[in-house]
């Protein structure tokens, strides 16, 4: 069952990802991205990353994706759903795509990854919190600075006047 | 499903699709979506390695930061795209091309 | 070192943080017309930061639980970053392009950007690396597109953001693989883990190295990750172009050196004569080829530009190539060479861009033709531009020669297998003469000689240009202090 | 005077700074300052000559100062019998050059500043004994030259200037690589005196990509120097640069700058890579031969007088190369072989000096007629001898000196070169003696076309050569003549150094199994 | 008896006084009274006086082995040394007198002849320069100084031939003289180098000793000898470098007399005389053939020339050939003897022709005729009545040159022919030499008398001109008289009076040296042979000379035969002779022009091909690369690769055409391709 669900999620993720990059309509792409992100979230769950799964849903789906859709809407007439989303150099892109899949897949296949057996922790939130407050305090603080900067940047750029 | 490689393969595919999207899409927003795919692929890697590396939480923290940064980046990127739209009335990045000697 | 203890060594960054906050707040307080005054706050903060950096002594330790390192090596780059930031801010007063905008954010974001650069040069954890690069990138996207009403600037920032996101994504993917291989995010732990990896993992290792190189290469604009450079440099406000061509590049090199020595090195300290790449990583050949390609492409394309700004953009690619020549050697003198080159490059390149800014504001254009007979009309500008151009070409007795000299010296020192690289470098500098001297040609040899002389309208411009010109000239023949400084700064945190 | 050599080098810079403070409309004052500064420099070199010890073959008046200790870069100056004549030549031609450029009226201030800067660069090259210093001075010359040709030159000046610049820079970057290679293989020093001792030993047997290191470095240095000489096939910048440059700059270019190449070879290649000398001497002689014949034939076909003179430089410098190659005759430091080596090398050095004075004279005279007639087309004159007798006389002197007439110094040096090189390169010398016929042919033909024949009405009222111009030509003519009659003053000065040089080539090179 | 120091002093004075005159005249001559001719004349007269003192002292001394050498170190580089010096022996003294005498005569003669010339002072200056250089050659004790003065003589010749440079022909002639001489000088210099390389000295005595010791022998020595002889070929205008001398007649006639008849062109002979001990028998054979051939060859040209000076010029070439022939057959004393006598009578002939031309010139000037050539003998005739002194002196000189007994030419020519005959006796395979010698003797008589008859006898061809002809002033006729006087045998046979034997002071004091080449005949042996052949040669030469003179008498005096019809009858040969065997034309066509063309081709190659395409090609290639790189870099693969693949794969280029290729996408694509390439590169 779990196996089935896993493969289902994998299928969903990859399928919608293909749609993201292939769809001729931008809005469809955006929706497909939603499913990809959700699928990835599912995989997170399989990877025992409950906190990250939540963050993924909240930030990615709830934040970034919404931003993207806003972006689409702001740059087009709200009413038109068929915002064209054409592609270029598809053929050579496909070649690159295949090369990368093959090459990276081969790499993944060849490399003897470290694999340590471990049981599923009850939850990850506390550990992450601890890490953030101790080991990764500096990045945590710096990230705030980054967000401040991004905030200023985004607002300044989208400010209508001056 | 309990194999690291499964996750890695998925991530590989996502990554490659992301690259594909980035290099083929004309619409700036769509290109951004490709970037998001790449970031997700990387995150998937981090978490997978974290799990199969003995629940290495550094990977989780990393992934968390990646998500945060992705958000910030998306915000700025979209602000820029909107700006572009205001000036060019298009966001097809290949049409935004006045810069040439 | 624990987080709390680390603060004692973190004065520069703390001061900078305060500066950022002050700037942001000050920005809120000023009206639009006065918003330029934010610059003074930032300048003050930068001065204090510089003071703190210089006072910081030569402690060598990891800070914040091994996130960043405090060492003279990073201090060296911090000084460069502060200098270039301060100079760019000074020059921004005179920028024609910024006149139409509220500039408070410009300065506060610049200070955040320099903070990101600080992190870049001192990071010893791949998380910090990514974070720092992202800060720098995001702030740069914004600054490149600062001229909202200017389509070129918009376009630059769009290209920049997409290319930046793309390459940092690839780098991130490489980092994730590296994480998978080593199970850690800290440089030195990674190094240990890598040195114990079997040869089966080589493929993954190489892949991750290359992917990471995409990110770093993008920062230093190395071929083939340089494509964004000309467009972004051309479209951005010239002040920002100047800044981008110097500060992030310097930081990128610092990061590159530190990362590759400490993660992929054989564990030998960089301060020893030379180090090896682990696990038969074909790093030297790769870097040599990339260096050769970078400078050749940069130079060749620069030749046919008609815009001085664009020419300088391509030439900055070429300069990255020169510096990269010293990377494959993995030797102390190579890193010396890069450090010296960066100092020199800072002065001459900023000088060239600042003259360009001045010319833009006075003449109103940035093509070669706008420089016609400028040397006669504005002798001061003409002489300085000549100096900068000669220095960029690398002719004695200017600082540019000293930079090249040290780079070439390190290449030659590495032995005869790298002589070809030295030849390529040498021929490239001959090629570069052609387009640099073209500016001089337009200034002096083309157009009517005018009898009326114009002096720079702004004392500030004069001052900044002189500040840049003096080291460009002095270091050309008296570079003892420079090498001493580099020598003192050549202390790198090497793990506990 | 303790820092005599430094004074000689840096005095023009002082002058340049002084000029920088003179308002630019006071052009007379600027010229006077330039003249005074060069005059003092000339006096200093004459004083140097008075106190120069001719019996010593090693360096004198050495100055040594710390510079960049971390890279073993030192400020070392010194003069010996090889460099002194060149220093004197530069001082003299620098001084004369100021007067030749007296009627420059475009951007006088810039012109003389650059002129003095050029002077410093050239002096520095001749006096520097630290390789790094040498290279700096070597390159410092380029930029002033670029401007002097590019701003004050003829119609194609931009092209000529950039061509000169690119050409020489291409040579000098190769030289830089060679310098660095020497530095790192021979004990990390730029001190030429040390390198002269260590390099032959250190490089012995070293292989780079299967090639002898000595050969590689030799060739790199050679190309760098050959471009300056200019040795065929690196010579094509010369006619152009000469034709386009203003008179005074042509004078300096031909009079001094071309010597830098030969000087560099003798100073560096010969002392540091003696093995290479033995390897390359044959090629050197062949190149010299090509220079001689090719230059002469090109000169013969020229229609522009200045270009003719320019090609004559190519021709004349060829003799020098042949003479230099003769050093390998002296495989042992005694007896008959040494005679050839001394004659060849002595002739080469003497030829450098003589070409300096003679070609300077030629270019000044070309400038004189160009100033008056505003063209240099050989066929466009005719019969000038009747209209400008004094000028004609000086041109005759210069031409005869140029074609190696006995009584002028050029003859002695050429004869010495031939005599010296003959035992070693019989065929080459025999063919190159054709050069002296061709020399005569192109000079006399040009002379005939310009001065002989019925007077050209167009030039009836060309003013005769004036006092200022005479003042520039006469010293050169006198020197050429005096040394042509009695060369001892010159040859005695170089003789001791020459023997040291030959000794170092012969005793350190030629026998090692480097190849 | 003169002290050794005094000899040195005298020689130096003789050498440098003319130079002083040169310097004074060239710089301030114009401002001196009479344009400074008195400076030169004074200097040369003192020189003459000093030379005569030396000559007298030689007579008093009576020592045939007299020798005096002084050296001055000139170049000293340690091992490489050159000493300049003077070497005086009897040959030198005689030669000095010849130079000083003819030079003085020229100086005097020119006072009238050159009167009113615009470059009068320079003319005298150059004469001084020439005298200085010529004396330098005479006094030199080593090859290097000899070569130096050799070249200086060349340059003074250049200057004097080109004295009237407004005439293109004069300018051409001067250049031609210099360049032709240089060709010979190259050989000369190669010879010097060969000698120096083997013997390491330039000094004559050292060279003789060296050759004697066998430091140089065999073919090398022959080669060196021939190379040295090249110098003489050039200077003495021997075949095949004889072309310049006739043209050199463009110079003022006194100059022709001094340089191109009596002294300078004799320098080549003097050289071979001086260096005789160095020549190997093979080299001498070459020399003999060159000389003999030239003698005959030039004589055949002289027959048909109409320009009075040209006739004399070819006659000079021919006579010089004689001298060279004498050296070649080993009888070099005879060569020198002929040099001496020839100097006198040939100078006399030239002055005579000068006098005639002077008269013609003035006469033509008076009737305002500027087209008639004053030198063409076809315009003369019958001048003997108007110019008796000139006529008689020239006649005497003609007799001398034709080898008529009682005159000096007879003696010296006879000595040469005797030597030749003796040589041929010993080496019958070289019979040709004798034919050359005697043939030339016959023709000499013929053309010289033709000259006299055409000029002074018969009817005046141009009566209008003839009217204005009158004798030249005294300053011109006195030298004529003096030189004509010196053409009598007496001055050479004193203290003996046998007009048929050259036995006299000359043969007593000038003794041949043995050849330094081991195995050669000694001087005594040669003398023996010559002595033996003396009378047959005399008889033969008398016969051929009278034959020539007789024929000439019949043709031109009696006009028994018509020269015109004979010239028609001889057709081709006549044309050959008249056109000097087409040497100039052929040299021009086959040497100069091709070489000039080659030079132009080289210059074109150098400038328009090599520089433009090869050197600038670097720049162009860089530009092209730059453009290519730029396009690759900026425009992507310019839609060829990308579009091409796209089109072929998708089959519809329409949409791709509508939208241009995404530039930014291209950038990223290339980055990825770069990554792939790097990866491939890295993993392989």
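Per-chain numbering from 1; labels A, B, C, D and E assigned in written order.
The definition used in the following text is that a contact is a pair of C-beta atoms (placed from the backbone, for glycine too) under 8 Å apart; a residue touches a chain by one contact, two chains touch by 3 or more.
Given the structure is predicted, the values throughout are model-derived calculations rather than measurements.
Annotation of subunit B and subunit E: jointly contacted by A, C, touch as defined at the top. Taking the mean of each chain's C-alpha atoms, the chain whose centre lies closest to the overall C-alpha mean is D.
Most remote from subunit E, judged by the distance between CA-atom centroids, is A. Ranked by C-beta contact pairs, the top pair of chains is A-B. Computed centre separation for the pair subunit D/subunit E is 35 angstrom, with centres defined by C-alpha atoms. Annotation: 43 Å between the Cα-based centres of subunit C and subunit D. In this assembly, the C-alpha centroid of subunit A lies 31 Å from the C-alpha centroid of subunit C.
The geometric centre of subunit A is 6 Å away from that of subunit B, both derived from CA atoms. Shown for subunit E are the residues that touch two or more other chains, namely 619, 634, 659, 661-662, 664-666, 668-669, 672-673, 679.
Residue positions of subunit B touching 2 or more other chains: 8, 15, 18-19, 22-26, 32, 34, 43, 48-49, 53-54, 58, 61, 65, 69, 72-73, 76, 80-81, 83, 92-94, 97. In subunit C, the positions touching at least two other chains are 127, 131, 134, 138, 141-142, 145, 148, 158-159, 162, 166, 170, 177, 180, 183, 203, 207, 230, 304, 434. Contact annotation for chain pairs lists A-B, A-C, A-E, B-C, B-E, C-D, C-E, D-E, with touch applied as defined. Residues of subunit D touching subunit C in their complex: 67-71, 106-107, 135-136, 139-140, 142-143, 146-147, 150-151, 157-158, 161-162, 165-166, 169-170, 173-174, 176-177, 180-181, 183-184, 208-209, 213. On the side of subunit E, the complex with subunit C involves touching residues 619, 622-623, 625-627, 629-630, 633-634, 664, 666-668, 670-671, 673-675, 678-679, 681-683.
On the subunit B side of its complex with subunit C, the touching residues are 8, 15, 18-19, 22, 28, 31-32, 34-35, 38-39, 41-43, 45-46, 48-49, 53-54, 56, 58-59, 61-62, 65-66, 69, 72-73, 76-77, 80-81, 83-84, 87-88, 93, 96-99, 101. Contact residues on subunit E toward subunit D in their complex (touch as defined above): 26, 73-80, 144, 147-149, 151-152, 155, 158, 162, 165-168, 170-172, 174-175, 178-179, 182-183, 185-186, 189-190, 192-194, 196-197, 200, 596, 598-600, 602-604, 606-607, 610-611, 615, 619. By the touch rule above, subunit C contacts subunit D in their complex via residues 376, 386, 390, 395-397, 401, 405, 408-409, 412-413, 416, 419, 422-423, 426-427, 429-430, 433-434, 437, 440-441, 444-446, 449, 477, 479-480, 483-484, 487.
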